[in-house]
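Lettered A, B, C and D in written order, each chain numbered from 1.
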Amino acid sequence: MIDFTPTENDLAAFEHARAGALICRKYARYYDEHEEEMAPETLPETDEFYANHPEIPPPGAGDTSMLTRMARISMISYWGDYTVRLRRESGGLGNAALEAAGTPEQKKKWTGLCLSMAITEPGCGSDPSRVSTTAVLDEETDEWIINGEKIFVTTGIRADAVVLWATLDKSAGRGGIKSFLIEKGTPGFDVPHKEKKLGIRADDTAAYVFRDCRIPRANLLGGDESVARKDSGGFRGVMKTFNMTRPLTAAMGLGLAEASLDFTREQLEAAGIELDYMAGFGTQIAAAERFMRLEALFEASKLTTMQACWLAGEGKPNNMESSVSKAHAGGAVRAITQGCIEILGAMGVSRENLLEKWTRDCRITDIYEGTGEIQRLIIARGLLDYTRADLK
Amino acid sequence: MIDFTPTENDLAAFEHARAGALICRKYARYYDEHEEEMAPETLPETDEFYANHPEIPPPGAGDTSMLTRMARISMISYWGDYTVRLRRESGGLGNAALEAAGTPEQKKKWTGLCLSMAITEPGCGSDPSRVSTTAVLDEETDEWIINGEKIFVTTGIRADAVVLWATLDKSAGRGGIKSFLIEKGTPGFDVPHKEKKLGIRADDTAAYVFRDCRIPRANLLGGDESVARKDSGGFRGVMKTFNMTRPLTAAMGLGLAEASLDFTREQLEAAGIELDYMAGFGTQIAAAERFMRLEALFEASKLTTMQACWLAGEGKPNNMESSVSKAHAGGAVRAITQGCIEILGAMGVSRENLLEKWTRDCRITDIYEGTGEIQRLIIARGLLDYTRADLK
Amino acid sequence: MISFGMTEEQELVRDAMRDFAAEVLRPVARECDETESISEDLLQSIWELGLTSTQLPAEFGGGGEPRSSVTNAILLEELAHGDAALAAAAVSPSLFANAIADFGSQAQKERYLPHFCGEKFYPASLAVVEPGPMTEPLKPRTVAERKGEEWVLSGSKSSVVLGDQAHHFLVLARNDDQVDAFIVDRDAEGVTVSEQELTMGMKGLPMVGLELERVHVSAGDRLGEEAGCDVAQILNGTRIGQAAVMLGLSRAVLEFCVPYSKDRVAFDEPISKKQSIAFRLAEMHIHVEALRNLVWQAASFLEHGEDATRVSRFARTYANEHGLWIADNGIQVLGGHGFIREHPVEMWFRHARTLSVLEGTVAV
Amino acid sequence: MISFGMTEEQELVRDAMRDFAAEVLRPVARECDETESISEDLLQSIWELGLTSTQLPAEFGGGGEPRSSVTNAILLEELAHGDAALAAAAVSPSLFANAIADFGSQAQKERYLPHFCGEKFYPASLAVVEPGPMTEPLKPRTVAERKGEEWVLSGSKSSVVLGDQAHHFLVLARNDDQVDAFIVDRDAEGVTVSEQELTMGMKGLPMVGLELERVHVSAGDRLGEEAGCDVAQILNGTRIGQAAVMLGLSRAVLEFCVPYSKDRVAFDEPISKKQSIAFRLAEMHIHVEALRNLVWQAASFLEHGEDATRVSRFARTYANEHGLWIADNGIQVLGGHGFIREHPVEMWFRHARTLSVLEGTVAV
């Protein structure tokens, strides 16, 4: 049924996440200002927190479904900070790809490691079919030889290994792209630097360089079979991953937007400005009306993101909805943080408060995991029943 | 020099236009509700008006230049009403085309007539190169034979004749398109109906049908020479006209937007709502702040339109600026009328007031004489130094 | 439990209403708009769907099904996909009947609800909007003065839907800071019903103004009698209702533009292949989907008796902001063809603007 | 006469400033941002352009050229095209000096103006913004109390540009409903200058906060002395100045995005060939052109002593709305590359947001 009321159990899970997020937030400014440092794996408060905050049971039959709840919990966690965690998830984006496309043997061997995922190259942006990093099979040694450069590798410093996109055959375009598992320390695999960014500065986004880097044949994600089965190869595997990651990426940005709204609401209330949700259009102080519009935008984005996750949980197709949630959130977080700054004035851009940081951090939402433009392409193709060739 | 202060003489011309516009406004509602009637050539008040309001001398050396002033006067006239005029201009869009591209003989013969211009066809929209109305020369009789259908012909009912776009050779695309002068009453030239529209209902937008309509060879606009000179043919002639008409079209829509703002301001003032132009952001009642944003948008559009005309008056290229003014005004009038309705509430959509009519009327601004999308194409090509083939 | 799945029953309602909207409403929408009227026959055939009576209590003759604001939001979206004005007309008696069912005293229910359970269309309406700029639904200028056992109402209302034929009006009025709803019979002394108001759009939903000149009603005519009623909750229902209608209208625009843009050729290819068009369609879809979630959330809160004030505002705010944008861009996608009355998009543009500023004209 | 043509002199100024911005400001902008500072050498070399002194009266040592707000708007656009923070720093002494020139008594002019006509950069500033949410420039919370022959100032200010080195501040303060500007020396008793404020952007323009604890200034330190001054006019100058800086910044974004998008290939062609990118560039251009006209109009009104209040608000409102949009979309055009500090667009995004909320930090 259509229902929007969380259960007690749901609420306990949200509260748990929020209590943890509040601790993380204490470190948010520090790691933003010290981008050369890595946020720690666990915080000093972590053990005490978990001792005092027993784990919340997973959703029961009457509760909000796991993935839907996860969307909301992500928002709440990121509401604390984008990067600092009580305890870092050991996995990266690459772990999701491994889960989706790895062979049983690969899963067994690599699951314990933190895997980053390296797709973007200096010249390819949102267009993964332009991947020019090459993988050539050396039949004699049964090794792949990898050459190329990658940028914007999330968790690229922290990761133990990478799921790397490379092409076997440039002329085959998308079809020639496969994913490879490569451990750090493999000769020919360099990590030249951490990127300096507008926001999410503590996040270890890295550049990778591969020069005649040799890896075992078995490191082709999905195994040799993935080469044979042309149209269900690596690319589709990763796209499948994206169907799960797009709404979660949206949720992360929305957590920052929600933090911005909460901060702004507090400031308005402290200044004695009432928010009258029954007032007619145009009749309140402009800051209040503007604020409510931003809240409505947030709420719309929040629900849309949870819906995309709910569909996944129900095992229903959610390709369009995933893109809708990502596109919506990408735009919403830009508008919300800008609006909050405009409402608050000078204190909105002061580094004494976190609003300016949230503004910078969440700007990534409309860019990574497919820009807003890419999401709109996907949505438009869906609406128009167009293929990739029909609408570019 | 850069200056924005009208002279006494300018102001007198504006006042003259406004006084006339106020009379026209009295008839605005009637001709909107009676679209089957044609607004009269002159109003009952016309003669008295001109007797009491002596003509304003044309701009002198120190005054605002003719075309710049004309832009502002157009706004003020349309502020009265879109269609009703004290005395109708005898000419139509076709007259401008004749002026720009006609031979001396043609000008002599056709200038006294009201000429409509027929470009759009049921299947071609904003893409004149898709014109499928054909003109075939009958060498024996030295006549052109015209076949095809035209829609959205402005002043199509009132016009005595038409400047018709037709193609000599469809395979030549744009290059094959020429303009022809055709009088009403010519056998094979039918005017089946006046279009029923969202707005500008009193405006006589017509559909034309041509079936084996024969006209003299001399009726090719620009004469036979225009066929020979491939790349400076009819199309460019009309494009040249557009350079003048785009800002004036913008001005017409802006007049309606200004009327909407004036009406809304009066209503806000009557309701005791103060507009404080020194107030900080967000600190006033929301309706007031919203209103000022709409005013700023109008002002930006007004100046941009006048600038495009000023350039024309100085003999400077204004292709980009013409498109900028048209694109800006097209969006501005949509936003302004919508905003005024939202501010005023129910009275904004009541037919007891003219705001709802201005909203409908000015919706045409972003559509005709090249939609906002076409203008953006032109602007983007200019910015990127792209040809028509580079950016479609 | 947060969940986005319709019940099977809701899916059935949705499908039935979708068919009705396509087969009955959409074909006559243009004519109703041009003639500024809705025929008795059409109102009667809508009535026979039982939209109002089914969810009224069985003891007063209703279908006795539990009222579901969510289901009502779903059906309103579908009806409005056919035509927004006719959708609002279709459910207009519920504006009055549901307020009685929710807040009426036993006597009021006994007196009024049976009318809405009969076989014949029974019009009655809600009077919220007042003349003049800006609307403050919860701060009416119409006053209700207590005089002994009576209330005396004075003021003006506008945009009262189907007020030309309504038997009763539920009038919002203020007594000092307290706002209440009063049941006013059409024939009460001091009530003047104006000529039909002329509006930009939604013309298939005739509206009138009311003048209330010292209209005396009994103490028993205050909704809820001594208990009063929760006017904010009534208004929340209308805000959600209007958002649901805007949702249906917005989806209609999108679904009209998609095939149109695939058919329409310019510069050698369908305009749908231009990113400026394709991305706009995507944008419409994004906002339609998001708006539906907001509408469902608000309806769900209302249905469960939770405070629906914030979420209703969100739905209505978002519906206006994006519904107006979508209706406006429907015209732009069609270009010149969007401006002529051959296609429905110009009508939807007028509908959207009208709907955006009228309070209390439709409810879930 | 309504006219849009620069004088030849203005064209020369524009070209000179464009060169200076490209050759001197743009190359050091990133470093100034990362180090949150502007070097003395740079301030001195900007000073030598004579931006402040040229238009001060000859009797006090200035260049004696008539002050032209329009020319100042033109030069600010060009400087801000190099870098918005450094542009604001470049003209910051004018915030103080021009107010003295416009509204100061003869004694005040004699005392202060010669400082701004020397060979060495002479910092002084204006104090408008106050701590806390929202800014009401004309309704300061800082109070000025008249005590005999003195004024006693109490309150807090923030975002005072180059306040770390300013010799004097012009402080807006309120005495009942009357707002005035007071000349306060940096060393006056009761004045505390805070550490440099840390901001999101405009970091090459160091700002500080001021605490004024019962600061006594003489009656002769009220700007204009007994005549007072037109604070609104001073603020109009700053609103236009900020709009002019936003204009230069916006144009910088556009001009960076155009060649970038032509070079950047995705899906087999330059992204500039996608309408979603090309139309966005067109939109940026449309708003840049429109904003320039608004800035020029407001500056022209100010220059001619006409009431510039409405037109200044229009310029500032439009600058914020569209400047923020342009800076935000600069990042989007570059995609992932827009997010890293290798390219200037992320800095311009931060500059724009910062500039949009700071009042009184730059003037024409």
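Worth pointing out:
Please note the rule applied: contacts are C-beta pairs under 8 Å (C-beta built on N, C-alpha and C of every residue); 3 or more make two chains touch, one makes a residue touch a chain.
Nothing here was measured: the structure is a model prediction, and the numbers come from that model.
Set against the C-alpha centre of chain D, every other chain centre is closer than that of C. Just to note, of A-D and B-D, the chains joined by more C-beta pairs in contact are B-D. Computed from the mean C-alpha positions, the centre of chain A lies at a distance of 40 Å from the centre of chain C. Chain C and chain D have centres, each the mean of its CA atoms, that are 50 Å apart. For chain C, residues that reach two or more other chains under the stated contact definition are 134-135, 274-276, 279, 320, 357. Chain contacts: chain B has residues 280-283, 287, 342-343, 345, 373, 376 touching two or more partner chains. Residues of chain C touching chain B in their complex: 129, 131-135, 158-159, 197-201, 264-267, 271, 274, 276-277, 320, 324, 328, 331-332, 335-342, 346, 349-350, 353-354, 356-358.
Within the complex formed with chain D, the residues of chain A that make contact are 120, 123-127, 129-130, 151-152, 195-199, 267-268, 270-271, 287, 334, 338, 341-352, 356, 359-360, 363-364, 366-368, 371-373, 376, 392. Note for the complex: chain C touches chain D at residues 274-276, 279. Those residues of chain A whose C-beta lies close enough to touch chain C in the complex are 1-7, 10, 62-65, 68-69, 72, 277-283, 292-293, 295-297, 299-301, 303-304, 306-307, 310-311, 314, 320-321, 324, 327-328, 373, 375-377, 379-380, 383-384, 386, 390-391. Listed in rising order, the residues of chain B touching chain A in the complex are 280-290, 342-343, 345.
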